[in-house]
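Written below as structure tokens is the structure these notes are about.
Think of it as A, B, C and D in the order they're written, each chain with its own count starting at 1.
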Amino acid sequence: MIKNADQIFVLLQHWVMSFFPHALQSLVGVLLSVVSIICVFPALFAISVLLERKGLGRMQNRLGPNRVGPLGILQPVADGLKSLTKEDIVPTSADAVVHFLAPVFLVVIVFMGYAVLPMGRNMTLVNLDAGLLFFFAMGASTELSVFMAGWSSRNKYSLLGAMRAVAQMISYEIPMLLASLVVVMMTGSMNLGRIVDVQNQYTWGLPHWYIFTPWGFAAFLLYATATTAESNRSPFDLPEGESELVAGYFTEYSGFKFALFFLGEYVGMLSVSGLGATLFLGGWSAPLAILNWVPSWIWFFGKVMLSICVFIWLRGTLPRLRQDQLMNFAWKFVLPLSLLNLIVAGLWRFMGEGLTRWVVCSAILLVAYVVMARVGMRKERFGPRSYRYAE
Amino acid sequence: MTIVFYLIAAITIAGALAAMLLKSTVHCALALTIAFAGLAVQFLELDAQFAGFAQILVYIGAVAILVVFAILLTRGSEAPKGGVFSKSWPAGLAIAAMVFAVLGWAVLSSTSVLPNETAKPTVSVLEIGNALMGRYVLPLEIIAVLLTSALIGAVIVAKHEKGSAK
Amino acid sequence: MIGHVTALQGYLLLAAVLFAIGLAGALTRRNAILVLIGIELMLNAANLNLIAFWRYGPHPEALTGMMFAIFSIAVAAAEAAVGLGLVIHIYRFTQTTDLGQMNRMKG
Amino acid sequence: MQETISIAPNVGSSAIAQLLWLIPASPVLASGVIALLKQPKRKTAATLAIGSLGFSLVLALVAFAHVLSGWMHGVSVRETVNFTWIRVGTTNVDLGWVLDPLSVVMLVMVCFVGLLIFIYSTGYMSHDENFTRFFCFLSLFAGAMLGVVIANSLLLLFMCWELVGLTSYLLIGFWYQKPSAAAAAKKAFLTTRVGDIFFLLGMVWLASGTGTLLFYNNGGGSMEAGALATLLGQHAAWGLTAAGAIGLLIFSGAAGKSGQFPLHVWLPDAMEGPTPVSALIHAATMVAAGVYLVARVYPLMAAGALVGGSTTALTVITWVGAFTAVFAALIAVAQDDIKRILAYSTVSQLGYMMAGLGMGGVAVGMFHLITHAFFKALLFLGAGSVIHGCHDEQNIRKMGGLKSDMLVTTVTYTCGMLALCGVPIFAGFWSKDGILEAGSHWSVSKGPVALLIFGAVLTAFYMTRQVAYVFSGHWRGHKPAHESPAVMTIPLAILAAFALGLGLFGTPAWPWFQGFLNGRAVPVEFHALLETNVLAVSGVSIGVVALGILLAWVLYIGKSPKPEQPDVLEKAAPLPWTWLRNRLYVDEIYGATFIAFYAWWARVADWLDRRVWGGAVSGVAIVFRGWAQVNRQLDTNVVDGTFDKGCEELSTGGGLLSRMQNGQVQGYLRWLALAVVVLAAILIWSSRA
């Protein structure tokens, strides 16, 4: 019974495929899963938007949207309708083709990222051998669409915003890769399904999630910071800094294209947190051995919503970083730590079982963290402000 | 010759031609990314997954962005004063045509030599890892050194001198 | 004519076309960056050749073609970075990226 | 390459043999030292010369004693000391000296006579200003002559032979201020040179034939049996064997030096030199060298002769000798100059010696040579003191009646004259008798003996004529003569004694000299004198001499006719007298033939040289100048022209190329692509199936 609940979607898929001639069956199967992804994740998008506005409100001692539907639950539907009906203004001097293509390109690329994520037990759309590499390839392409958006609107602010966003995304891409690389190194394969299977073992009832290892925990933290920056969220949301750059690279967008950008951003956030879950939180594996009866996909979506809440929480609490602080933080703190983490993972691998490697690795990481924080960051904090005027 | 190959080939060639012929340099850069993407798909067609994803990651992710940055930094995006093409473009074109003719001739005339169809090789990332760390460890180290030096070199070349005007 | 061509020859021809286009661009465009783009295209054509020969070659398991392609991608990236850095530097001095004017190195 | 002289003394050569080389060396050394002296150093020069020759005489006597003692013990001593002079390629040129009866006799004779003449010439040359130079040449001559005597190698002999020739030239031409003396010296030197050429040919032939020039070399020498056998094997021209031919060639060298028939012309003219020179060179020693040479080479000539028989070489020598004897004697009869008569007499006596050698062998010839040396030296020195006395008057028709003023000279001179004519008991008689006796036994023909007998008559006749002119009658000169000082008369006396006593050593009764030379023991047997043949020959010779003296006595003694009056014989036979007076026109004949030919040939050579060679050379010069001209033309416009044009082409080409480097990157790329295309096309095209 439990097994059926777990494999409910797979069975559904096979049931539908059975109606079609053999030749088409594989095609139909793939189409079905694609359609399901395209439906599920925008729904999650709506929920997370709502959650964010309600959460932020709560954090700021205010109610948040409660006019539409009971407790404001239908607010996302209202937003969606609004963006659809709003007039789509394209600046005359803008480069029409590129202007139109930018959001489309962004959304397509982001959705393609989901092909490799294992949503549940054997519920991955395409079980690629180099799945992680595919995911990062897609991640890398999003910067280009951001640039296209910023440049095509021929608006100085949007261009500046785009430049900043691209620079930020490139800078944090490397730490993200290196953090995930640690996991690949330990499991020995880039196949996400394989990574989840390795984590899906239990000793004394506790799962083998990578987050419970020193290098895993450090990698998860680095991954978290990198991904928040990667999706221009919260402390790193300089490109959309309303106060200076109006709305960053999508200022000249309005109507549905603006909604698309919004959708792209949130779906990107979801996919990134989904990857984080698979790499460090054991994907669809249950937190405790005894909870195994619960269907796997529930665990996956639960972990995703949990990380979304963390994103929202971060947005509510942390102040926005300055551009140079942001870059220094990336190149002089996160990157070295992730490199060190690689070495520590190597050490962990070749030191035999037992407590010693726990102590040694965690000691190294803690010492490095303290030293880097104290030494690296001090002179950055309160230096005199230096102004450079635009020519 | 599968239909997919023709389709993708057409897209890649279109992208490449656009990259070379468009007036606006940024459009050229974007067309270039299309050509890169087409190539990546061709790699996947040839069952070289790792190479395909690497192509996307490196070229579309990094090189395209780099090109675009270079264009913006050198104000290439504004309309260029003189003509887009150099004065002696027919000569260049003729030579390119000749090169293509020679290459085409070589390919077509060597039907006997080339190997025939072979089974689809299944390549796992593990094998690639072993190969990289085993047989090709020296090239890997050299590439590492090369990339670092290129990195440092590019930075030195492109950074503002401290006192210089702009 | 295309009909009886083998799969490998198809890819080789495609690579030849791309190479020719890249070369044409490199030879005719005035803007230095576009010349670099042409060169990138030519390098990619070469990569395609490598992978094609690897795929249809006698020993695919030896991975030589693929390795070569990967290494050449890395090298091309480094080359692009340095090339563009140079162009930016030249621009800073001569305020132009037009190749016609960059002839101070003439003999 | 440092030349090493390795002395290879024969086993058992005695001490004196080792030191034999000192005999010629000391006079030569003396002449060297004298040459360095200044002219006024007369006394030292004289003492040095006489001292060195004295020392040589002592050594010669020791050597003589050594050989004599050897001979007494029945051993014919022959000790040779040979050494390698130089090494030419692989062949060694050996020299060496020999000590045997022949050489030791000559050594003693030359040293003794030389010494006497040296002493005599100190007096004779006392008032001459080139005194030291004279003595330097004299001792050099003595050294060379001694070298000839002891030489064991034909080459060493030839070297000393040439040195003797040189010194004779120097001494004849001693008073070089007189043109006639200089001409006479030159004539002497040249005619002996003609002889020497044949001598050289013979020597070279001998060397190539036998491989060595040493006479005696423990069996290996050229005069020993082995070499002679090889030479006999080879046949030369006109039926002569190689040995015979070589012998004749060497004889012609000797003929040149000893004044035999064709080459005798220089000897009478050589009287231009001072009298001691004539005495030493043209009486005793140098002329004797030729005879000694023939004696030394006698085995070569006699090779192949049957017992008692004769080879063609010996017959030739005999005939030449005999003819010269008569020929010279005839001319001597018609001469007026005291020294010229003696000169011709020497030529005639040398003819006798050659004939003696030819017919009788070495001993006969040598005995006559030794005796002749003494009395001819005596005669010349006597003539010298006469000339000295008569204040350098040489024409006998202007002298006369000197027996009252120069008693010692007269007595010694008549002794010499009697010895020369062959009056019994005197030396001349025994030696000449030996020759005639040998001649009578001569198997080939009786002709030479007849000639020699007729010659003996003539000799006796002209000698008594001379004595009559000089000593009998009354003094026809314008200043009264005076006797020569003691230093000149003493050597005369000594020589006179020898002229008397020397004959005894060779008489048929006790032929010691012949035995000594041939290495035979000689018992004393008086009955030998009485042998029919010997008796007959001595009887004939006594008769002949008496006939000659009687004739001359009758014609000339006491008459001392006026100088301008024609000679008695001239009145009797004017035509032959003028022939004989003019020396049978031999000089004129030579003048007409050789000298004329030589002058003509000189003109031809000159013409050839100027026209033919000169023309060729100037022709070549012209050709070269023309070639140089062509070269210059070629160089200026062809070579330079092309070179300059070539440079222009190059620079224009360079210009083209540099235009290609115009800094346009795409230009380079275009060329690059083009090159790639071309290369690829070639590659594909060439490698198509």
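Basically, contacts are C-beta pairs under 8 Å (C-beta built on N, C-alpha and C of every residue); 3 or more make two chains touch, one makes a residue touch a chain.
If you're wondering where the values come from, they're calculated on a predicted model, not measured in any experiment.
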Chain with minimal offset from the mean of all protein Cα atoms: C
Farthest-lying chain, centroid of Cα atoms versus that of chain A: D
Centre distance in Å when chain B and chain D are each reduced to the mean of their C-alpha atoms: 117
Chain B-chain C separation of Cα centroids, rounded to whole Å: 5
Whole-Å separation of chain centres (CA-atom averages), chain A against chain C: 34
Chain centre separation in whole Å, for chain D relative to chain A (CA means): 140
Where chain D touches two or more other chains at once, by residue number: 666, 670, 673
For chain A, residues contacting two or more additional chains: none
Residue numbers of chain C (touch at least two other chains): 23, 26-28, 99-100
Those chain pairs that satisfy the touch definition: A-B, B-C, B-D, C-D
Complex contact set, residues of chain B against chain C: 1, 5, 9, 12-13, 16-17, 19-20, 25, 28-29, 32, 35-36, 39, 42-43, 46-48, 50-51, 54-55, 58-59, 62-63, 66-67, 69-71, 73-76, 80, 82-87, 89, 91-93, 95-97, 99-100, 103-104, 107-108, 111, 114-118, 121, 123, 127-128, 131-132, 135-136, 139, 143, 146-147, 150-151, 153-155, 157-158, 164, 166
Chain D to chain B touching residues, read off their complex: 666-667, 670, 673-674, 676-677, 680-681, 684, 688-689
For the chain C and chain B complex, residues of the former touching the latter: 2, 5-14, 16-31, 33-34, 36-38, 40-41, 44, 47-48, 51-52, 54-58, 60-61, 63, 66-67, 69-71, 73-82, 84-89, 91-92, 97-100
Partner chain D, residues of chain C touching it in the complex: 23, 26-28, 35, 99-100, 102-107
Of chain D, residues touching chain C in the complex: 658, 661-666, 669-670, 673
